[in-house]
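Heads up, the next two complexes both have subunit A, just with different partners, subunit B and then subunit C.
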Partner chain A sequence: MKSLVAPAETAVAEAAPPPKSLSMRMPRLKRAQVLAGVAFLALGFLPLAFGSFGLYIAAYVAVWAMLELSIVVVTGYAGMISLMPFTFVGIGACTTGVAVAVWGWPFWLAVPLAALATVPVSVMVGAASVRLKGLYLAIATLTFGNALGETLFKWDDFTGGQAGHVMERPKLGALSFSGDFAFYVLSIATALLMVWAVHGLKNSRAGRAMLAVRDNEREAQALGINATKAKLTALVVGGMIAGVGGAFYLALLETVARSGFQSPYVELTSLLLVVWAVIGGIDSAFGAFLGAIALITQTVVFQGAERVFAYVGVYAAFVLIIFLLLRPGGIVQVVKIQAERIRENPSRAIPASIIGFGIQVAIIVVILVYGAE
Partner chain B sequence: MVLAAPVIEVASFGLARGAVYALLALGLVLIYRTTGVTNFAHWGLGLFGLVAYFLLTSKAGMSPVLAAILSVLLAGASGAASYQAVFRHVKRTNQVVLILIALGVAQFAAVVAQMLLGFEATTLVEPWLPVSRVNVGNAAVFSTQIVAAGAAIAIAMMFLPWFRYSRTGRALRAVAQNREAASLAGIDEHRYSTIAWAIGSALAGLALLLIIPFTAGDRGGVITAVETTPFGNFLIPAFGAALVGGLVNLPLAVVGGFVFGIAQEMMILAPSWWSTRRSVVAAILIVILLLAHTERFFVVRAEQEALEA
Partner chain C sequence: MSEPILSTNGLTVRFGGITALDRVDIGIRPGEIVGLLGPNGAGKTTLFNAISGFIKPDSGRVVLDGQEVQTMFPYERVTLGLGRTFQHQRLFRGLTVEDNLRVAQHRHLKAGPIAAMLRLPSWRRDEAEARALVEQMLDVVNLRPWRTRFPWELSYGTLRFLELASVLSLRPSVLLLDEPATGIQQKEVEALGPMLKRIRDETGCAIFLIEHDMGLLFGVSERVYALDFGKIIAEGTADEVAADPRVLESYLGRTRREGAASA
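Showing the complex of A and B:
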């Protein structure tokens, strides 16, 4: 199996000569990080301008970013296609529901439990992944998600029946996170912490093992990397992230109906998660955030406006295919290449970037105007 | 031995379902073997045909039989178009990207289908075959179920010798077994890959047309929200059927289709603990088939390496 993003790296390399030493490269990375941080802070204050609804959407984005992060680890880093990410979210959400609503645990203890509850399923998928590569694993996970929807998510004690468990937003001593602003801050802080951790994972020993296995499993094994361990780690970490995301998903919505975790809706949502992770940038933690922003703003803003949602969906599928053919690193890669070009040749690249961005905005505006008629 | 009426009736539902799985699996195998794409968009491409049939009969007022023929051709064209537009540009060794692209096409097809159907929760489609009750023993089964099963078997009977002995069929197999040698022998890889996609998708369109317009018996059928999801309710068992032949063997894929279809319907008669867990049984079967790597029994070593690269 070839690297998912190999063309990404070569494209960057074509745009600029490779740095001669690591020390030359460091300052540029730092500056990019500072810029990203500033952009994030600015984005962080944006929802305030839209009041309670804006904060709700922003919290939704943060929670969805956690869910996307699980795909970044499993598919982006380790190169395994799992078509059941939303099943893990369901396990996390239902476990939290049982722990808080039935056993009366505090939310903070339920979150680690939700993460742990996904481990058995991850290990099951991991056992399959040892022998199944690529498409075989994709088919296996598709059927696992389907089968768990008919067993685990039909179990009333676990799911809280047809309507699901009802849970209040968490409290910490006297501090309550039930308000929209407080919950927004909590979820965005957690999501950013997870983005930072997943970004760090990429450069850790375990993360590099995953990337090596993704790029060439046999070569990685020849170098002494335990491929089974790397895959299993990716699946368990990805599952735990989705489990934590599920806990916050329940806290955000306060109740989750189990039909969302049953066929065919679980496949639908899992597919959406994968599609938007790719559009954002599947091997980048930051890309997960971009994917989540794009998906949730359209989902929540156009709830009920099915036509607009569908037009955006068609456009997204189109963008996804173009990206996979030309820019497999997603939005993150496009931004990187554009930044590189601006550095190289500002007078040509800046107008080109503005025109490109303008075309995107124009398409979205046309969709909105046409769809909302 | 005389079978009880409910058994025959349920079995006939199973036959119709099995026919759909068999036709879907045939297309999946054909596309995977010739082009190396695990076609997660198979249902979506078939859906194009169904939606075209609905539009041609209800909006354009075309006669149902003519519309059915046209929409099967349209489904085939959409498959050929998706190969030309997208899949031919990705190396077949890059499985992860191929699967992700197939998922994107599936998403695209599902949303376009919803748009064309006008976002209705359920859409009525008229039947294109005469629907009547046929007495088999003491049970009454729908004529369309027999037609569906017969059509699938007939197509398989025609398709398999054609794939084996005709010039096009041999070229398709040559492309599957060794692309380089095939192109050295003057076989245009892309031309035959396009043909494989067209045939596979046309079969998917036919599969949907054989079951969906008859879901409500002689009143026609309905397209529901389930059908317009990217994988529908049929794609997972169709993959299971295709895996009976290791995703490479055509006759076994057809057999697998009927086995999965009949087993799925017959389990309704089982005690409720079993009948409510049919997808679990299917999942276990599929995982066993996956773990057995059945493809190694059916293809020569060179082709297996080409597929696994």
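Showing the complex of A and C:
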């Protein structure tokens, strides 16, 4: 087919091609990746410096990153606005509670069960998503989450009653994850593994089908993509991720009250999850992690305040609006733009890293000042 | 004469009281380039939509590669070898040029979501295969310099070629092109005719084409159908159809009858 080149040459000659040599960029990119990896590892040990509280908050971030990842798949990749992510978390948490606290299963077996337990609900949302799009699907999921709160989460055997099931942190043979550091390592490793998995999904047949359906359902169909299947896959994968997140949510808190999965808390938490996923970078797996950091920072700051949801809501809305106006791609877009600028002009690396470091320090200081009380 | 790869039989589409397609019979043989001619509102795009499954016909059959497909979803028809472009192009805004070409390989790839999430060998094979075809297609339409750009960063003409590369990535046996020359520069239009012939020669796919640029349509088509008010009014070689009095009448003015199709 190479002979087709000639006629098209005239066709595309009018716009200047961007002069970018890929071979020149590759080694530098690799070095940057190594540096970023080392920095990331070092950052991973930072919570140790703040003792038990620091580790607890870091584990909290890891667990919420898992919850945010489910939104990346459903809303970021497949473009469906589901306003019931926290309901899926609840299903995962309660299933884990039943399996571990009632049936005596090991935590490691309860995690896949928690993931599978979300599938029937995902399929129901999927059935709705065939007919409902955009805002209508958002409203339908909002009411569906509410309805499950009034039915499924009023079932005492499932939720463990008003107070919820009590579960100890997991053990693996002689290895116990009940300590702060051990649980932090477990949850951050799981969260990063899930970030890696969700990132891989994006560059695959199934993931590209989701992105295509998000961008243009009709054209996707014209290219042989079953739009219904792509959406359903996204919902099931997203639901399972939230289910796993729910299992770790219970392991983190050791008990979860069912009121969190009932109106009005379930709607508020779901909305906050979606808002911070957008702020992090909705179609980026790494963005979910950044969104979770930002979310937990604000939670710690406003924790214990009177009318906490009012503060949190106003603050989140304010940050969301600023990002949507200036950087609709979220924090990930900011990072990418900075990386691009550093690549063009390496001397910018120093001020950029000072600012980046300053933001990290600011986050830690804020958490310590507000949280340690 | 070989069996047609694509044919319609008594295909009828009504919108309310309007008959947009009225018992249309066409047949496209493998490797043939066929033009579809007709004034605005004749039902050309409606015919494409009915063939590709975006409109459900009220009666009649669509046969693709020996199979009746009129009740199938659009994506199922694609898996049987049907490719189409739209009059108003619809690429994926959020995907780079490369990824637009990867999406189009959907029917040839296999790895599921779990394989991708765990980076299993089936996913690796898939991506290697996809990458190879992307490279080939970037060469075919000479879009290599734009590979990491997004569709909205490209000129209209370049987009048209990306769209063509995307539909070729399906490796179709029949290609429906809805006004491929609209909105592109004259020198690009001139390049399009030979390009379509080469695509046919090298891939062996049949091309069914709607085009308002008569030079392109008559230059490239081996056979032409003329459609007016939802009916086939003439069929034959380019010369025959161009000289047909009914075709001339439909183009050179006359008062339109009532019940005109609007497609």
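Quick notes on this one:
As a convention for this text, the second predicted complex is superposed on the first by the 291 of 373 C-alpha atoms of A that agree within 3 Å, B and C clash if a C-alpha of one lies under 4 Å from a C-alpha of the other, contacts with A are read in each partner's own complex, and residues count from 1 in each chain.
Assume a contact is a pair of C-beta atoms (placed from the backbone, for glycine too) under 8 Å apart; a residue touches a chain by one contact, two chains touch by 3 or more.
Given the structure is predicted, the values throughout are model-derived calculations rather than measurements.
When both complexes are overlaid on chain A, the residue A:I225 reaches subunit C alone and has no touch with subunit B. By the touch criterion defined above, A:G149 lies against subunit B but remains apart from subunit C after alignment on the C-alpha atoms of chain A.
When the two structures are aligned on the shared chain, A:V237 is found in touch with subunit C, with no touch to subunit B.
In the superposition on chain A, A:V198 makes contact with subunit C only, while subunit B stays out of contact range.
Using the contact criterion defined above for the overlaid structures, shared-chain residue A:L211 touches subunit C, although it does not reach subunit B. Contacts of A:V119 after superposition on the shared chain: neither subunit B nor subunit C is touched.
Looking at the shared chain after the overlay, A:A257 reaches neither subunit B nor subunit C. In the overlay built on the shared chain, the residue A:D283 is in contact with subunit C alone; subunit B does not reach it. The interface of subunit A with subunit B overlaps its interface with subunit C at residues 1-2, 4.
Of all residues in subunit A, only 1-5, 7-12, 14-15, 17-18, 197-198, 200-201, 203-209, 211-212, 214-216, 218-227, 233, 237, 283 touch subunit C in the complex they form. Residues 1-2, 4, 75, 79, 81, 128, 131-136, 138-140, 142-144, 146-147, 149-151, 154, 263-265, 267-268, 271-272, 274-275, 278, 306-307, 310-311, 313-314, 316-318, 320-321, 324-325, 328 of subunit A touch subunit B in their complex. If you check the complex, the residues on subunit C that touch subunit A are 52-54, 73-75, 78-79, 83-86, 90-95, 99, 102-104, 106-107, 109-113, 115-119, 123, 126-127, 136, 139-143, 145-146, 149, 154-155, 157-158, 161, 166-167, 170, 184-185, 187-188, 191-192, 194-195, 198-199, 202-203. Those residues of subunit B whose C-beta lies close enough to touch subunit A in the complex are 38, 40, 86, 89-91, 93-97, 99-101, 103-108, 111-112, 114-115, 119, 226, 229-233, 236, 239-240, 243, 276-280, 282-284, 286-287, 290-291, 293, 308.
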